Amino acid sequence: MFLQQIANALALSAVYSLFAIGFTLIFGVLEVITLAHGAVFMMGAFAGLIAVTKFNAGLASTLLVSMIVSGLAGYLIDLIAVGPLRKRKFHHLAPMIATIGCATIITSTYQGIFGAEAYRFPFDFVPSTSYDIVGIQLTLLQLIIIGISLFLMVVLIFFLNKTRWGKAVRAVAENPRTAALLGIPVEQVFRLTMSISSAFGGAAGVLTGLNFNTIHTFMGGPILHRGIAVIILGGMGDIRGAMAGGLILGFSEILSVAYISSDFRDAISFGLLFLILLVRPSGIFGKVIERKG
Amino acid sequence: MPELITSFWQTYNTLFYTVFVHGMLALSIYITLSCGQLSLGNAAFMGIGAYTAALLTMKAGAPFGISLIAGGFLPAVVALIIGIPTLRLSGVYLAMATLGFGEVVRVVILNMEITGGSLGLNGVPLKTELWHLILVMGILIYFFIKLRNSRFGRILEAINEDEVAASVMGIRATYYKVWAFAIGAFIAGVAGGLNAHFTFFISPREYGFEPAVDILTFAVLGGTRTLWGPLAGSTILTILPELFRFLGPYRLALNGIILVLVVLYLPNGIVNRDTFTNLKRFFKKEENA
Amino acid sequence: MLKGEHITKDFGGLRVLGDVSFEVKEGLIFGLIGPNGAGKTTVFNIISGLLKPTSGRVTFDGRDITNRPPYEITGYGISRTFQNIRVFREMTLLENVLVGMHRLFSYSAFSMFFDLPKKRSEEKDLREKAFEILSIVRLTEKADLKAESLSYGEQRKLELARALATEPKLLLIDEPAAGMNPAETEELMEEIVHINGKGYTICLIEHDMKVVMGICSHIAVLNFGELIAEGSPDDIKANPEVIEAYLGKEELSA
């Protein structure tokens, strides 16, 4: 029983981490909390659903479609709402409010189209076999979710550390002004970051849809709360932190549902968030953000 | 003729009442925005206030006034608890913490017996009368006018403009931000109490993220530089949706579009301090012409 | 009155200040000079509590103020201006100064709400006082204008007035003449000397050598985060290391 919980927790954590990585990367590079990340996640799930049900897509192409649709959404959000705010000196809350606007537009449009009901993937989309790995029973679906998540994270880390554009992203995260002086096209890096991060959000969306086999237009809200808890837990802007934070939240939720009560599952992320704000507001890996004179 | 008025009133009095309640909610977020903090928990505070006040009148037979005040205090206390660890940190933390907070309130209300769980509370006595709303609104407007021209108002504005500069002026920003947040929660709670006592029925669904975005939209559209901005914003956005009913489920998207457009093209909202000077100038020109 | 002892500051591995010690004596104008990026503003940020030093300590009137929050440090009697002007742009000049004076106000929220005499008399008296402070920098006629409507130089003066309003013992002024023409600079320096004459101790960061040499009685020179010289203007002028590091080919005949 306990080992089974570990399998569930691993799959859940993987998706949380995947969602939070994009979220935290956007904060690290753009210094913006995009409250549209939940909506983008939901878009990814629906894109995957349509790819499967309407076009009989396989797993890989479903994932790809989700990531492209969500990545495009991220690109557009930056193009229309967030990007223009960078050019002028605005109130520091302005970008966040703009992303709330985007979230509302996306979510209510989807609600208009898809209504409030839950959608499912075809019954046999992923065969229900399971495997025994070091004593833990993992379903094929769980393996796929964990595998894809890990794969994407590794690709992202490789991208950031080894490629030219990745290094540019890191330089901008470090200091946009210095990066600009070094000849890095900062605007493009911002937009690229929004796109990649949103694509990751979309992947998390379709994997969540598979994991629980339900997709609905409200699914962006709860994941957004969790994403916020995860990135504060891990330290804002820190990728390792997002991964660790995802694990902590995933395990906390599964274990408390299993051994305490399922009623308060949705409140656990807030509990963790509040706790970390009390004891270590900079998060596990985070540095204290210093104010400038 | 009087018949016409009576029937008009019967159709639209709830809307009219709602304009007042939304105005109060807009002011409740205005006070936090006016010191540069974004609270997305005001719908939840409204919910706490609504349940507290409604339960006090229904189960304890408390006088309406007492219920309302209690419905303001409980959210204020909760706001202090959330605000103290959160508001010492940079501006985005309050928004993030209060976003998840609405969820917690929903879950707690759902799982309590006394609140009626997901069924909500039915049969809240109809106690709110128009003069209650006018009185409370009057007090709020008076308070905000007094605040504006006092040392407290200046401190909030200084924090809003430049927290670092304010801190080297000797201002303990966290302290004032926490109070502003708690006062906002108090106002939202009272508004919730008033609302519960004319809608007859309340349920946890009414106090989640979407109403929080509505409240934010009121203030952002109206403008947060003067107290008239949020009031104008809430009035417009309460009456306007009646005209946009035909949009059905897409109506909410309107809020989002407004938020994005206002932030981009009208960062001071539709009412700001220059509005008044511009108006004066406009009318002077008319006279001259 | 103000002492910095072995202050070191790192920004993510980059050492910006290394073992800097200095002392500002009561009643004088202390000059802090150095080339761009030497770490001067960082010294001010550490004194005023906006940054925490990596190591070392700051004492003021014998009290350890290292790692105290900025509002508390202001309360002890240290005030500052910013290199990159930070007036409250949307507020009037008078309101800017009143914000600086906020510790002198004591009326309660209750007095505010009911407009009690205590509030009214306090607001009236302190408004008058704010006018006096504005008159020190000759900005009284513009008292009711928004700060953003002022010229660059006037905004710097307003910041000075706002800093004075906190009733400091020590005033930290960061490049007040930046962006001003020579005539304006001269006038400003006279004002600073005038303020100093009223009993305020002053610590001044300034690029213009003439200015510093003219009004400071003690000067410290920072270069790449190291204190390379300290002494009277004449000592500094004669110091070869200073000439080498900071002045380069610039002429020294002040």
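We just call them A, B and C in the order they show up, numbering each chain from 1.
Throughout what follows, a residue touches a chain if its C-beta (ideal position, glycine included) is under 8 Å from a C-beta of that chain, and two chains touch if they have at least 3 such contacts.
Small disclaimer: the values here were computed from a predicted structure and weren't measured.
S.K.: So which chain is farthest from chain A, going by the mean of the CA atoms in each chain?
M.R.: Following the centroid criterion, the farthest chain would be C.
S.K.: Determine the chain that sits nearest the middle of the structure, using the mean of its CA atoms as its centre.
M.R.: Nearest to the common C-alpha centre lies chain B.
S.K.: So which has more C-beta pairs touching, B-C or A-B?
M.R.: Top pair by contacting C-beta pairs is A-B.
S.K.: Using Cα averages as centroids, what's the distance between chain A and chain C in whole Å?
M.R.: That gives a centre separation of 45 Å.
S.K.: Report, in whole Å, the distance between the mean C-alpha point of chain A and the mean C-alpha point of chain B.
M.R.: For chain A versus chain B, the centre distance works out to 31 Å.
S.K.: Give, as an integer number of Å, the spacing between the C-alpha centres of chain C and chain B.
M.R.: Centre separation, chain B to chain C: 41 Å.
S.K.: At least two partner chains per residue is the criterion; list those residues in chain B.
M.R.: Expected reply: 164.
S.K.: Could you check chain C for residues that touch two or more other chains and list them?
M.R.: 48, 50, 80, 82
S.K.: Quick one: which residues in chain A touch 2 or more of the other chains?
M.R.: 291-293
S.K.: Note which residues of chain B are touching chain C in the complex, please.
M.R.: Residue positions touching the partner: 143, 146-147, 150-152, 154-155, 157-158, 161-162, 164-173, 225.
S.K.: For chain B, which residues are in contact with chain A within the complex?
M.R.: Against chain A, the touching part of chain B is residues 33, 36, 38, 82, 85-86, 88-93, 95-97, 99-101, 103-104, 106-108, 110-111, 164, 208-210, 213, 216, 220, 248-253, 255-260, 263-264, 267.
S.K.: In the complex formed with chain B, which residues of chain C make contact?
M.R.: Residues 48-50, 69-71, 73-75, 79-80, 82, 86-91, 95, 98-100, 102-103, 105, 107, 109, 112-113, 115, 119, 123, 162, 165-166 of chain C touch chain B in their complex.
S.K.: Once bound in the complex, which stretches of chain A touch chain B?
M.R.: Where chain A meets chain B, its residues are 33, 35, 80-81, 84-85, 90-94, 96-98, 100-109, 111-112, 115, 221-222, 224-225, 228-229, 232, 263-264, 266-267, 269-271, 273-274, 277-278, 281, 289, 291-293.
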